[in-house]
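Have a look at the structure below before the remarks.
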Amino acid sequence: MNKVVENAEKAIEGIIDNMTLMLGGFGLCGIPENCISALVNSKIKGLTCISNNAGVDDFGIGLLLQNHQVKKMISSYVGENDEFERQMLSGELEVDLIPQGSLAARCYMGGAGVPAFFTPAGYGTEVAQGKEIRYFDGKPHLLESALTADFAIVKAWKGDTMGNLIYKGTARNFNPAMAMAGKITIAEVEELVEPGELDPNFIHTPGVFVQRIFQGVNYEKRIEQKTVRQKA
Amino acid sequence: MLDKKGIAKRIAQELRNGWYVNLGIGIPTLVANYVPENINVVFQSENGILGMGPFPYDGEEDADMINAGKQTITALPGAVIFDSATSFAMIRGKHIQLTVLGAMEVSQNGDIANWKIPGKMVKGMGGAMDLVASADNIIVAMMHTNKRGISKLLKACTLPITGVKCVKKVVTNLAVLDITPDGFKLVERAPGVTVAEIQEATEGKLIVEGEIPEMVLE
Amino acid sequence: MNKVVENAEKAIEGIIDNMTLMLGGFGLCGIPENCISALVNSKIKGLTCISNNAGVDDFGIGLLLQNHQVKKMISSYVGENDEFERQMLSGELEVDLIPQGSLAARCYMGGAGVPAFFTPAGYGTEVAQGKEIRYFDGKPHLLESALTADFAIVKAWKGDTMGNLIYKGTARNFNPAMAMAGKITIAEVEELVEPGELDPNFIHTPGVFVQRIFQGVNYEKRIEQKTVRQKA
Amino acid sequence: MLDKKGIAKRIAQELRNGWYVNLGIGIPTLVANYVPENINVVFQSENGILGMGPFPYDGEEDADMINAGKQTITALPGAVIFDSATSFAMIRGKHIQLTVLGAMEVSQNGDIANWKIPGKMVKGMGGAMDLVASADNIIVAMMHTNKRGISKLLKACTLPITGVKCVKKVVTNLAVLDITPDGFKLVERAPGVTVAEIQEATEGKLIVEGEIPEMVLE
């Protein structure tokens, strides 16, 4: 059971035009930098990207936007880059905005084989349009459907050759839920180790959810908002 | 009249020992700076941390440790990291005792609008719709009027709403108001602000019963 | 923020007759031994117990059954003890059998604020009786409701005074999902430590789900089926 | 005719490299002993482990390490522990490639009954209903007839069913059979067993096309 591929180019083999991808990360934190670069180089287009955010002009999913490879974004918060705004206003880019918790839950449910579930988020708002409403304990809920993707691409801190993953800090974010929801899940990691090196008791994503894994290179890990305090 | 720090200070008085608290971006973030000395609360950031601490010292920032505003942060002893699905399980499951949010508009029945202005670029609701739909205790922190002097406390929201009948309390530069079935009930005046001034700045129904005390801020 | 109580007796304060409890564990593995003992001593009766199993005659929930404190069991697999069978056949004990995965999901959803969800488990069986059926992708699913409890009682390996928990091995089982679903959640741990001693990156149950915690004593950790191989 | 070990050996031939496999209690558990040498599979136990290894050596058993049958087990390198909700997320989400279960009855359309006998003490379905409802690839391991000689491969199940139209293949002491839209298709005979004997022991519709090969077991 060896899921290791050589690099990002090999990892994204099989991704073709018009597929749906999930990409882990929150802002620029915990994004699969290597696979995004490989996608940019691949010229694959017409992608539907499910990702909490859409990167910035010159990093993250912003690079795919610059390259006109994205047809649709499914996100909770976007527009931190000018190209995104331009493409959306011109109608080139379709955007589906989803409450962040519903997005996370819809990915988790997709991976967990729960096709639909009720949540209170969005009731009474435009998010509720066209959705079934049902009351539980007197409180209105929307029926939300699960999300899956042709490929889910996640970034972890450490992984083993069987696909078991560990994330570091808040770079975890959407990665575990999306790892569950890919028909094929690709994991890029900062450090790839042999089976047995990770403690079975402390693995965040069990390898069963991961089909391909590789050790990435040259992680930039860009900080969007460096905020610091001064030493007294 | 309060400035943004004053609003944050007043909201900090609402904190109770042992609460888990989610602070939105903007004025709400400042609340963390004014937690009373004898009160222990744990701050949640919905991107996946409980026990968020202060910003790191310069040079000690870690790209893998950010808050929901994408700012670099630290973790306090007893902190815990989790994924987004678990984070919103906490929020949706009502395990967070207080949510403090900014708003563009609040209506007298507790509706809130804070995510979208028609005609302007829409950036998305982020976690706001989840937070307002699930939290039992939501305080809105905002200026009483907008930059053009128009009231943000309305009979009904004019902007696309984020959630219905969810806000419990509003703290503005002018006043503290509870949302009641009958409208905005004036609870406290900001220092030096008169009831008449608050009435003038409130488009929604304002309920004034008896003497309205002035806020006490250290 | 100190959630520490002195012992099991203090931990179960507030549990009264006819309440609904969740009890973690799978078989006798990972069960809250100390709290079960305290409940036995308490004489509280009419309990509805949500637990995957019902213990054995002289251990685990079996002790509560011997004492006639249980009105109803909600479980996936029971009857590994004679007293259980006797009470069920005599009509003294009500039993609601639920597929194990639905039980785990219903607890998780209860904690996660999802009041109902669709699952394929049980379609076409007596479990489906009275439940809404809906097809997704051509496949029938049942609408299942979330479970919550007045008190959830879980057992962890280590915990800190803020309620953060770590489980060991397969003693994890139902404990994390049930910890989420208690209106009040009690955790008993083998080792109680100070905040900061557990790595924030490797905590299984965030303290936000736990209201009371104590270090248990005299863990028996009984093995139901000791199965071994001989050294060659 | 096969014994239980033989059934397990034959099922082990169905394993493919890289599969995650859930083995039920009874005959299915034995499959783990006969994994072909060039095949790597990972065994899941639904109480919360992937990478289940052999029983521990005497004296090394750990009360905190058991399988779904409550037997003490070990973990192989690369194993991972998880909670019950995650375990059934794997199962329900179709991340497990093969499920091997015992059964009391299987019908010719793939229904399975393996949890309840009316009039007898009901112990519960455990994880069986989740497994059969979600798994795309279910092999049933069982004796062809019960102790009274009555067929367990039926036109329709007589016992309360565990799942509908889910079984893909049955391996018994007499034969390997595929479930097809038209009935039980005979694929292989157990060593020394004739088609007539299999027909005799099969109440449901048996499809026999051409020469039926005898199983090859090392």
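Every chain is named by a letter (A, B, C and D) in the order it is written, and numbering of its residues begins at 1.
Rule of thumb we're sticking to: a residue touches a chain if its C-beta (ideal position, glycine included) is under 8 Å from a C-beta of that chain, and two chains touch if they have at least 3 such contacts.
Computed from a prediction, not measured in an experiment: that's the story for all the values here.
Student: Of the pairs A-B and A-D, which shows more C-beta pairs in contact?
Tutor: A-B
Student: Which chain maximises the distance between its CA centroid and that of chain C?
Tutor: Of all chains, B has its centre farthest from that of chain C.
Student: With centres defined as the mean C-alpha position, give me the chain A-chain B separation in Å.
Tutor: That gives a centre separation of 28 Å.
Student: Just the number, please: Cα centre separation of chain B and chain D in whole Å.
Tutor: Distance between chain centres, rounded to whole Å: 55 Å.
Student: Using mean C-alpha positions as chain centres, tell me how far chain A is from chain D in Å, no decimals.
Tutor: 36
Student: Taking each chain's centre as the mean of its CA atoms, how far is chain A from chain C in angstrom?
Tutor: About 33 Å separates the centre of chain A from that of chain C.
Student: Please set out, as single numbers or ranges, the residues of chain D touching at least two other chains.
Tutor: 49, 75, 81-82, 88-89, 91-92, 134
Student: Indicate the residues of chain C shared as contacts by at least two other chains.
Tutor: As it turns out, chain C has residues touching two or more other chains at 105, 108, 112-114, 119-120, 167-169, 201.
Student: For each chain, which other chains does it touch, given as pairs?
Tutor: Every pair of chains in contact is listed here: A-B, A-C, A-D, B-C, C-D.
Student: Quick check on the complex: what are the chain C residues that touch chain A?
Tutor: Within the complex, chain C touches chain A at residues 105, 109, 112-120, 134, 136-137, 141, 166-169, 201-202.
Student: Could you list, by residue number, the parts of chain C that touch chain D in their complex?
Tutor: By the definition above, chain C touches chain D via 26-30, 52, 75-80, 85, 88-89, 95, 97, 99-105, 107-108, 119-127, 157, 167-177, 204, 221-231.
Student: Applying the document's contact rule, which stretches of chain A touch chain D when the two form their complex?
Tutor: Contact set of chain A toward chain D: 1, 108, 110-114, 160-162, 164, 180, 194-196, 200-201, 203, 206-209.
Student: Show me the residue ranges of chain B that touch chain A in the complex, using the header's touch definition.
Tutor: 45-49, 54-73, 75, 81-85, 87-89, 91-92, 111, 121-130, 133-134, 160-164
Student: Along chain D, where are the residues that touch chain A in the complex?
Tutor: Answer in residue numbers: 17-18, 20, 40-42, 44, 49-51, 75-82, 86, 88-96, 134.
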